[in-house]
């Protein structure tokens, strides 16, 4: 289960290399290879960090001076994306615009997030038109 | 009491090593071993940093280049978790989604937080359905 | 399409130099040359990082000690600007003042953003006067 | 007055050492000794950084690799605490939970903040029960 | 106009030294000398970074290890202050307490901001008492 993946096992080298640093638009994120691979094997992030025998393998991007893979996208809207890969729930704070997260889900090819994000966008729209109709 | 634990005592080396750096999803946190251990001895964080004679001892994760232990979880929702370990209160800012904090409490095995977080989630739901029924 | 631009191709040197670091008011952003150029070729950012044969070419600003180009503007309001250059949508979080983003769009010469930002400003004004008239 | 304390005087060494770096829970803050001492001489921060002839003198905590004194508390809720020490006003942003700031004021022994924070907590409670009663 | 000031001219040395780093309460800001001087010549920031022939010249504060001038004030509320110096508009996000910005405007001697901030404070007060009277 999810706790195990953070333990240092005897095969220390293999485990260490399973930590992956990302530089998304200037902000650093740290995660594990299994988080990027498990949820959606055909997503861009899964393909970038997949095993060599994955037929959809993509080359990862270049890394910055700290070894973090560069990704030219919004860091703010990447946070709920990465949390979704960690635990499978779409969770947004109140002030976050779901349209911003939708753009990232589409870009990264995380198709399973899209219906939930579309629903959050509709709810926000109906709330806002309710407020209008109050006056 | 809580002030004492930050004082440099004569046994300086022991005290210094009681400060623990965590790298949660790319963000650094600093806390003390006693904060991680005191509140819930069977939680994952307590077991990672417990004394050797703790029978539930877990190996801590690997550290980054600054010596911070890597944890593949959300930094934003970790903040109220760590504050809870510091003073025992579940305190969330207005914009923070309690569902996000619940995911972390479950992951880290902080069972005593869960009833309060579930209540905050229900309150948010009833507020939102009240707003709906206004129209 | 947008995925391709992050792949390391055989011409590694060319691709690496297409990553651009910006230091906007003290905060670092990372993006790609194509993001800065594609959307509005006459904008200030496009002219600063354009090819030599662009007749509107501007000299880029000086860089800081990390190689990031210095820009004396608001980092907070630059984020939706850069996201717009990435995917073409004007997306603002709920708490962000659209007037702040408008100032940056005007400064950087991103004329296509301005009508949408003006509309967001008007909507915020009408919401606020609705609230007033409720009492 | 408050401007003077930032001027480099002829006694440069003395003034430089009056700047104090704090590492609160992983985030760095910079302030001056006089800010920490002036408002509440018996508070924990005042006693940690007081002159040697202060009879309530405490030993400061250990410092991190940048010379910042480590404090195992919430960085977010420390911000209004430090602003209070700078200018004497309790000022919270709209989204900040006053209960979080109260925990820090109690921990640091800033008794003069407590009545104002209790009032903000009561106001938030009555606002929330008003919202309930609307339905 | 404002674009020109960021161009590298032939007199490179002069232009480079016109970039100024500030460390406000622990957070780094980058701006230009002309931004600090142009709007209010008698403000504290203008006097700290003015030319030698300015009769109100103040000595700047000491710098940190990165060359940033130390200022013992709130970084959060400094952001709208610096944006005001950049473009002349008082623009606050929805969650920002205008009282916090007022404290900084008074400290830095930016008198032209004060009437607008007082108006924002009054508007927030009347909004909050309207909400009360709804119940």
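Order of writing sets the chain letters: A, B, C, D and E. Residues in each chain are counted from 1.
Keep in mind that, in the parts below, a residue touches a chain if its C-beta (ideal position, glycine included) is under 8 Å from a C-beta of that chain, and two chains touch if they have at least 3 such contacts.
Everything numeric in this text was worked out from a predicted model, so none of it was measured.
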How many steps does it take, at the fewest, to get from chain A to chain D if each step moves to a chain that touches the one before? 2
Minimal step count in the chain contact network, chain C to chain D: 2
Quick one: chain B and chain C, Cα centre-to-centre, how many Å? 36
What's the distance between the Cα centroids of chain A and chain B, rounded to whole Å? 22
Note the residues in chain A that touch 2 or more other chains, in rising order. 94-95, 134
Which word fits how the chains touch one another: line, ring, star, complete or other? ring
From chain A, moving on to its ring neighbour chain B, which chains come in turn until the ring closes? A, B, D, E, C
Residue set of chain A touching chain B in the complex reads 2-3, 5-8, 12, 15-16, 19, 21-22, 27-32, 35, 79, 82-83, 86-87, 89, 91-95, 127, 130, 133-134
For the complex, give me every residue of chain D touching chain B. 23, 25-26, 44, 58-62, 64, 70-74, 76-77, 94-97, 99-100, 103, 107, 131-132, 134-135
